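The same chain A turns up in both complexes below, where it pairs with chain B and then with chain C.
Right, the complex of A and B next:
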């Protein structure tokens, strides 16, 4: 397990930061002797959560100091919405909160949802492209659970999950890609359809429906049965690498002069704007990411960009600041924070 | 004999169906037979519980659907019909009870239906040995292809050893 730190995961330096924001690996596990959460009573949920808590964070556990245990019914709607924004929990998990619980590491890189769609969902986040590293950490936690709890498993079907689409490894690995040049060239749907033929999916994130604000796309494995965790992760990393190469090629096709102009215009707006919506922030910080990759921006790095898009979402801001509950006040405050982060001129 | 669906009324109807060589026999009361659309041969096509099935489970024959709907998971009480309509199993045991019903859909979703990933500590010795054999055979093939005959001989001996143990 990594050394305990309160520094958030997104402040750590990631691989391929010009094109990859983050990597996430999720393992779904269930325990024998309980129905799946959609058929559980609140009492059964509380009982199961407690047994997982005892298994992972009980007396003498090395993880005790590093993790927090949160009962979801003690969490406000706003806190839950902020957790969804930071990808710590799923939107579905935020909605029904009676008996569910969350185990969260101090750096927020590891979250374990209890009684979401499955009894246990281990999720590990990493900055940049780090599929194997994330898998490694998730598997260590899985090993601890396996030692202490009766995990539901079938030799033919693998780890048994509520939804048949997760049977087998119960693993979903995904990388969040920043692909403005591919999006500009209109090639996203072409890539999405190509990867679907080899067991992967690519879809827009942070956007409504297919619209991907800030040109951020999530690439993840689709198939979980009949393929090992390692092979699925290797495939994902290989294909991500090919998409990254395409993106860089497409970026290099844009005349430098034009790209440089766009990067500095974005920086200018971010440094001087007095009100910033989240959508505008996403699209402008995309240019900053390119600028960092081009070596143009000496005072800005990928971590700053990642921190801004993760911490300045609507709910996260409202949770942190009482004054940020109405949209105009929030946009003003967001612009203030961005100006501070980027060095007000 | 009690109806196999509701377990309350006396069974008055008898249904025998053979699908893919597998014969299912059902004893039903008049009410359940009517409810499930098996009260007369003519009605077999008229009522289909598949109508409400989620897209995941589309393409399965109505007869399998009907036979399955009478069976319930002893642990959680789910019928396959209920599982298919929401696209989620009721409990881990459902996969054992409804294995045959699940398999066609799983092959469609995943392309096959054999787990190749990690094993928990509770997994049997047999599957672990089987996995080791498969991996050794794969390594042997690769060693031969690469003309690394010393390595190949090592793998071959190890395979023989395991197979001998299995026979014993």
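Right, the complex of A and C next:
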């Protein structure tokens, strides 16, 4: 058992866990007096990173003990890939090694990329559906920055950002939905098309469309201009709620007997397999999620499922364990960990 | 636990159980003074059946307590179908309802069809590879019949039979082999072609070729003329031994890790599924058989596997349980029985 301070965010109990894996809110901020990162020198980047570090983690800061400050040029490719997998940094940021830095909370729920596309990108993650809660945390950090640094803000345009699509709130909020019944009914593209008309986007998180990806979809806001953060988050939460209702209805229309069989088969395979690919893990844990929602699986919970899919990605595993760099060895180790987590028979 | 006398033959421990499910020996006999069954009247059939019954199960016969005598016109279609499934009678015999009869031992290892294609067909089954043993039992019954009845025998042609392909010994011996590794290597047809040149036949027991059939193949002798029963049985056992050696070699060439994974996945599915078709049962129990052979599955044995595939056929289940007449209900019941037999987790 890890100490509470190291407890990862995905071990928290989330709302609507039968259909929602996680919520993420991101704020893009820039400082006056510096060009956008794509035009910054390495020296400017280091300066900017240091000033953000001082503002948030300087002497006397309450945050100091809870966060790590990581220089990206001290991070290995593998560590960076693992961070991408766990959604702590963007794939683009993983390639940067020239003065960029990352501020990361011990529970990995808060990550602040410095000198990614914008000077500062605050990201907050939560288990389950928790858009307002994630926004609250992000805004508290934003207030701190605003107090101590000269954040670029325009009365007309709002927060200035490197890419105009983020102008205004600079906020992107997203919810990772688990929609196996909607996917099975072939209704994903219809929903994706409907939400696009009201300023939202829905896309596959791990590859598009196919069922083998675990039926995970990310729903996020697109509009950042002429709308408040609160309103955008409320919209997202409302639409997510409607999609969740559709998913539950679709699940209840699936013959119970068949679904129960699939849930138990998934548990059987996870508890017995000696080799397990990540794609199969995603697919099978999807059924576990359904089983937990149906009240079938008393010994499994959403947290366990979430933890497995977050911690057992290829790079995350390879980072944690040297022997997991070879795909076959990794599949074997993954199966071992899953059996242990789900109670080997 | 059933009483010893009711213990079925397939609950015995057989030789070479990793590759051999069962052995069967059949003797075709006819009596002088009657036409072959296809030309007999119902009255003649009843007469003939009665005389065989008297010879084997009459007053003072030691066999009397161990056998049942069943008139086929008192048997339901479902019972007959279940008997076909368990290889106690032929599919053709199942359709007969006009004076035919069956003599069946309590453990179902011996069945004697009266007025099938020949007047008398003695069949003996054994678990595992036991051709000589099965022949011994069949011959003891044959001596009894010979002592008490006028069996049609010609010095030149041997035993006279309805179909000339059985002339001579009237014997057909067969071995049901489990050959998943040979099947996976695509070498079944090559072996089938080779054995056909030395007077044997190999064919799929449950549908030809596909892996989904559980990779069960029946190897049997074809030649009945100019060869003694002993020699024919020795040939069969020798060739079966060679095929078994090939199968074991092919299994040892399969990457262990992959095979171990497949074995455990099969066990996981069998222990957790809530619906199970007979085809899937055959396929999955095939992996259990391999797992037992590899020493992986301490809590499973060949007998359990054999019992499941013999008792959980469609008709056998429907005969035993009224609720199993509907396919979905049967698949559910089959899964329940399998979970119970294999130790539900």
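We take it that the second predicted complex is superposed on the first by the 336 of 345 C-alpha atoms of A that agree within 3 Å, B and C clash if a C-alpha of one lies under 4 Å from a C-alpha of the other, contacts with A are read in each partner's own complex, and residues count from 1 in each chain.
We adopt the following convention: contacts are C-beta pairs under 8 Å (C-beta built on N, C-alpha and C of every residue); 3 or more make two chains touch, one makes a residue touch a chain.
Since this is a predicted model, take the numbers as computed values, not measurements.
Judged by the touch definition given at the top, the superposed model places A:328 against chain C, while chain B stays out of reach. Within the superposed three-chain model, A:273 lies in touch with chain C and out of touch with chain B [touch as defined at top].
In the superposition on chain A, A:147 makes contact with chain B only, while chain C stays out of contact range.
For chain A, the partner with contacts to more residues, out of chain B and chain C, is B. Shared-chain residue A:224: touches chain B; no touch with chain C. Once the two complexes are overlaid on the shared chain, A:163 sits against chain B while remaining clear of chain C.
Residues of chain A that lie in the contact sets of both chain B and chain C are absent, per the superposition on chain A. The touching residues of chain A, when paired with chain B in their complex, are 30, 32, 34-36, 38-39, 117, 139, 142, 146-147, 150-165, 167-169, 171, 199, 223-229, 231.
Per the touch definition, chain B reaches chain A in the complex via residues 56, 75-76, 78, 86-92, 95-96, 99, 102, 105-106, 109-124, 127. Partner chain A is touched in their complex by these residues of chain C: 257-258, 260-261, 264-265, 267-275, 328, 332, 335, 345.
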